[in-house]
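Two complexes are shown next, each including chain A; its partner changes from chain B in the first to chain C in the second.
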Partner chain A sequence: MLHSNLCTPIDHQLSRRQWFGTAAGAAFTVAAPAFAETVKKKHKQVLFVWLDGGMSQLESWDPKPNTQFGGPFRAIQTSVPGIHVSELLPKSAKMMHHLALVRSLCTQDNSHSAGVERIQRGDPKNRGVTYPFFGGAVSKLLGNGDSGLPPYIWIKPMNGGFIPKDGGFLGPKFGALALGDGKPPENLLRPATMSVEEDLDRNELRNLVDKKYADRRRKENIEATKYVFDMAAQLQKRRDLFEAPFAAKDQERYGTHDLGRHMLLARRMLEADVTFVKVNSYGWDTHGDNFNGQGSLVPQFDRPFAAMIEDLHERGMLDNVLVIAMSEFGRTPRINGHIGRDHWPEAWSLVTAGTGIQKGVVVGKTNDKGTFVASEEHDIGHMFHTWFKALGIDAKATEYDNEGQPLPIAHEGFKAVKELLV
Partner chain B sequence: MSKPSTSRTNLQTDTGRLPGTPNFVLPSPTVAGYSYLTCLKTRLAHFADSTMSRWFSLVALVVLNASAFAEPIQTAIDTLVDSKASGAKLSKPADDAELLRRAYLDFSGTIPSAEQARAFFADKSPDKRAKLIEQLLASPTYPKRMAEMFHVMLMERLGDYPEWSAYLKTCFEQNKHWDAMTREILRASSTDAKGASFFLSKRLENYGQNSVDYSALTRDIGRLFLGKNLQCAECHDHLFIKDYKQQDFKGIHAFVQNAYLADAKTAAVAERPTSGKLDYMSVFKKVPKQTGPSLPGGKEFEPPTLKKGEEYTIKPDPKTKTPGQLKFSPLAILAEELPKKDNSDFALNGANRIWFLLMGRGIVHPLDLHHKENAASHPELLVLLAKEFAAHDFDIKWLLKQIALSQAYQRSSEFPEGETKVSPESFRTAIEKRLSAEQLLAAMQQAMGVKAEAAILTKVNKAFANAPREPEDEINPSLKAALFLLNDPAVLAWLVPSNGNLVERLGKLTDDKIADELYLSVLTRLPASDERGLVESYLKKHAGQREKAIGRLAWSLLASAEFGVNH
Partner chain C sequence: MPTDPKTLLAKYQPKAVKPFNLDHQLCALRYSPDGKTLAAGSFEASVRRWDASANPFAEQSALKGHNGWVQRIAFHPDGKRLISADSWGQVTCWPFNEKDAKPTWSVADAHDGWVYSLAISKDGKLIASGGRDKTIRLTNPDDGKKLNVLNVGEHVLALAFHPDGKSLVSGDLKGTIKHWDLATGKVVRELDAKVMFLRDRIQDVGGVRSLEFSPDGATLFAGGSLPKSGGFVQGISLILSFDWASGKGTPFYKGATDNEGYVYDMAWHPGGFLIAITSGQPGQGKLFFQQPGDALPFYTVAIPNPHSLAVHPEGKRLVVAATNANSSGNGRAVGKNKEYPGNFSPLHVFDLPV
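On to the complex of A and B.
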């Protein structure tokens, strides 16, 4: 253990993992049973939509029609006079009065493999530690809600499982529980062949064995064991989150494609008070055939995203939920020989909305051709400061304590973007 | 207490290296006995704050102790543990059931069968425990178990490679000593000791456009072979641990910075030529520094200045993928220098880790934080074990046997009479140890009388193993594991009678015979009378669904904490 000279040697004998709390590499904190109503109301949440590969800002939030690099798509009006977006976002355009666009992003990394992690970790200064992803950070800083589920849930195509690395130095406890294609983790649900009574019965037997074993032994092991089995039982109780069907009307509004279904499940998770819900969409890396590619993908995003904003607003959840949709970089204005656009971290956009965020605004702008940022540039560090602020966390006053090493929660060279915040 | 003499004692012969001029004096070793040792310890503790290294002062202590300790190591272990307990109660010896299960898990990686258990309990010979240890150490299950254990310790779930596992198994079949193993692992030769290079090769991989993580490789060498986690000494001297300097980190870094992955498929590691020293600077004190490859507290090796094209004695051939032979190979030097007898870090770390494997906690804990302010729970014991380990040429099996024959190892994990709290570092009570995924799978198969397919090992690994680079040195019940035990179809299938499995065998017995057979098969012990009673009444209550009731009883033991740990 790494402490100042003030601590006594006995402290060195605590293990690292004990320091981060009891049970379990893969367990999650669960809120204490008594959660005050006021605290429940104030529990902030995040919806983080990750468009992996690089959504083209020119085919979405920052169109430049009729310019050298603008491409074939037109711009359309939105519900906010003066703000235009690509015609590929008709439904989101109608939601613009809830949204804030940032068109002045200028970041450091033009590669996927390093870039994705750098963006999601907030690209902090290198201090020899691995920072948590935004989801892990928010889970740590905001804690669990009332859901009985882990604080950080990741809905994605293909495989699911527990992804401990998202927790970084915070530890595997702040990793993501990934729902592959929205399905619950392996073994989450009691098999249909077993009745509730049988399940209770066998666990009662098990508890008796454990009680006897622990009688003359150290209690920590039994307590940790009980904790995880209780957690399993609690998840079992929330199986409705995974099994209950969705209303046909909702399925129609969100769409039955992957991202549509996943966003609908994300809404349910947010309604269940999960702290951080990440939704991944893949395939945005249109180095070739960009216009058909983005032309197909952007509407697939537009439909469920607009439906989500509408639903969150209707439920009053935009007061508590921070919404973000972004990629790891934008795409080049220059159109390459494959009618594609390549990576462009120099000038790109994202959309954000919800708690603490201004409504119906555009922050920053690019030049006429969309090649570079013409206003103040914003790095991902600015955004992290801003988002933490929106969640009620002062990034300048809050630090992580990594076994005695103090670490800023966002890059200390940047600060929150005032125009984005309420 | 006699007056200290002013003549210096030359411990050259014992340490092989004097790290700085000794500036303390030893009292004349004329008096033997406990009070002398106490006095000496106090005296040496006083000197430990001086510029002298801890190794030096404690070796001095051991040299003097040697005259008081003419006893075998297994006995010395108990003398030192008991004396540190200073009169506090020790747990009683483990009963036959506890010890049998523990020894099987530790040395064979699985539990004994019900018949083996019955036979051991019935054996009346007074030395049956020592015979058991001997038998297990000589069994073909020993190399397999040790290979798995060292694989988890050294690779920390970064990946698997069949040739690496085969290499480890061969090492333990031949009882290759720890220094020889270390040498082969760090040399990562592509011609000798095939498979050993995986330790380095895996850590020299990179993903996509991310660069190779040399910092992590440097850290792992420090942690796993020297017992020092130098992570926070990469960019500056460690802010809290005075013993860990940036020079220590950079020195090791200089050994590996030019190593690279030549071929992932064959785990081949090669080195680029090293032409000069490594430049570095603390982020706090902007003083430019340089270092050649060096180990903490060890000598610095100067890379020669060689003209381009003259770095090799045998040039590499990209066509045949041969790595060639460098005139100055940092890896060759590292492999040679690190496991030397005079490298106290190596001996202390080795002894501490082997102690941990059997005792559930290092004498220095955590295992990778040896430094002055992280006091060993039993400093003299650790130094004695390290010294003897080195004196026995780092013979792993020898050290394991010494520890296994001690009373400390064979103690019960139940508290002493009347106590409800015993600090783990006292070793007054045996520490419950985590079972690896490999041990669990083997034990579950043995208990349930089933043979699992390979796919189940993957599932078990996912459920019970840690994430990569999370050392598996503590019991950590996980949600995944609980869900696996509760709901996995494979586990539930084991509870259905078939193919002579446990539940089928039990189904053929009368109610009154089931408890004994069940408990012996799964928990390696006989049931207590109230447990027998519970089983019988449970079976009676569910007589209409006997098969399922037996299944649930078996499951409750399989999923119990008692089964899931090594106690």
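On to the complex of A and C.
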């Protein structure tokens, strides 16, 4: 008789098990496998830069200088005539001919706690299942290419580990492998004091224990756990990803601050053919002292982001890599008493670039004061359709099969934004 | 010899006059040397001005020609000129008493970007402006010509001239106060206010936000906070008092909680005490009077989010520009006609016994 999916405390006494965790998995197939062959011809990848807390659109991609809510900063010309961005993005301004701005986002949630997940899951219709984060979805739909590396790597400050919840109903196998401060999981790499033979012996012991554990667990959970160990083993072979020094010139271009270092590592992961690389930056929730705050934060995003775009272009990788940089919402035009801006999902912006995306365009606009969208509004569902399309996946024709329950991969009430696509 | 706080309070207890509301948010507020004009920089590229001898204040036409925020203004000691500086880098001189005043001179690119700080020497011979471009520009008040540029290396958030006219102090984002010798243009020493700076994740938070000398030049007061976090920005209000001769700094005022935020503005009252305002989380703020040597203010009153203060040159009136209560909120909050209203600045007026 199979035991319950739920772990008991003893299951977590082994540190690796605690690290990997368990979750109820679900049998899963994609109902249109033919596309996988098509996209495999040229492995598509995604760089997803998440600015947690809410980057201010008025201090970045959609400036409104000299207006009631415009704030103190100037707007500057970009490499595309007629397109202006905030003076806080001088380097990205020079990359504008590679980028597409969306200034017409209008989404549903003004809270962090729910908003982050709704955005990153594409805010689908509620069907009683937990959708995967975009990284989990892409890692399943595109697979992990030929690199053998985990398909979904998350580079973030603070702690790392395996984040199974990002897989949603797809199962923990499609969660994120988080590299805390860009470092490999603790104890992942074979210690220098341990020989290869010793390592093989300990793995043989682990396999014996795993087999006993597996006899009492659901197949999906075991597959997920084994998958993660296999991924860890692949990472162990790629010590160079973590130990090879970066060129001094690149460190200077990207910056040595956290976001700079993590973006440089993200470039390395993309070069190593990882399917989905997410990079997080925290602290963007500038309810107070917004202008000094965004004045400090935005340039520190600008520097590594522009360097990344330049490098991806020079390597020909913008043909295969989809780039997205966004937050969970924008910030209020109204300036509060703490000289800050509050949450504003009503009218905000993101930037995207790369495979399948038009270059040097602005889609959508806000009114003269930047308070509300003055063109067609775009929800995150529009963006998911667009991004899947850019990756060669038709979200209208592709479904998940959740144990017989067909589920759309993006909100079926929306469609791709044609102006964003080549 | 310090005066007993109770005696000071009895002598200088302010009496609140009914505040009046302006339609926009203001940054800086100052009285002219003769006390007859009140002027304010705004978030909307203009300098507002009022006949302050009228009751209530009678607004005059705004001075226009700036861009962005006019965050700093200063009256020239000659009582005829007003200097204003904006967030696009422009510094302008105005004959502020003229009805339809036009600039006497204007330098559009005095700085590359935001002018954070502005000061005029006591003898009126020098204007100093400090910016996001990490420099101090010394300007001739008569024609706007550049006399010197001092490289600070950090955002220059606050400036003050020593009353003796020989020195200038700058306070920066990282909490360093530099003492500049005006004859040589060199830094002669640095005073340590680094407790006012925090690197939180990738954000630089805090800095020295205001500087004020005692009239005898013996003491320099530096206003800011003990920052606790970026993003939301929390910090305990702090004023450090530096003995000018020795350079030694000690806490002069420290707030109670990290909701209280920065010491945004300070001014010396002719009665021999410092007046200061703090502003933090929406709705939080204080106005207080504190005598050097005392551990606590002798007068404190809560005002939601004050940002600037102006003390009448005779000390008989005090005006504080603030942001209205209930100024914050996430998401869509529209007016009755579905318009999106901005916040505004109440001017809080206090009469002080002379």
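Miscellaneous remarks
Criterion: the second predicted complex is superposed on the first by the 342 of 422 C-alpha atoms of A that agree within 3 Å, B and C clash if a C-alpha of one lies under 4 Å from a C-alpha of the other, contacts with A are read in each partner's own complex, and residues count from 1 in each chain.
By our rule, a contact is a pair of C-beta atoms (placed from the backbone, for glycine too) under 8 Å apart; a residue touches a chain by one contact, two chains touch by 3 or more.
Not measured: the values here are computed from a predicted model.
Touch criterion met: A:164 reaches chain B, while chain C stays clear of it. Shared-chain residue A:259: touches chain C; no touch with chain B.
Touch criterion not met for A:374: it reaches neither chain B nor chain C. When both complexes are overlaid on chain A, the residue A:232 reaches chain B alone and has no touch with chain C. In the superposed model, A:407 lies in contact with neither chain B nor chain C.
In the superposed pair of complexes, A:334 makes contact with chain C only, with no contact to chain B. With both complexes superposed, B is the one of chain B and chain C in contact with more chain A residues. In the superposition on chain A, the residues of chain A contacting both chain B and chain C are 111. Contact residues on chain C toward chain A in their complex (touch as defined above): 24-25, 43-45, 67-69, 71, 87-88, 113-114, 132, 200-205, 207, 230-234, 261-262, 279-285, 304-305, 307, 322-325, 327-332, 340-343. Contact residues of chain A toward chain B in the complex are 1-5, 9, 12-13, 15-17, 23-28, 111-114, 127-129, 161-162, 164-165, 172, 175, 185-191, 193-194, 198-199, 201-203, 205-206, 208-210, 212-214, 216-218, 220-222, 224-225, 227-229, 231-232, 235, 404-405. Those residues of chain B that touch chain A in the shared complex are 207-210, 215, 231-232, 234-235, 238-241, 365-366, 369, 373-375, 377, 413-415, 422, 424-425, 432, 459, 462, 466-467, 470, 473-484, 486-489, 492, 528, 531, 534, 538, 548, 552-553, 555-557, 559-562, 564-565, 567.
Note for the complex: chain A touches chain C at residues 53, 65-66, 68-74, 87, 110-111, 157, 257-259, 281-289, 292-293, 295-297, 300, 332-340, 342-346, 369, 371-372.
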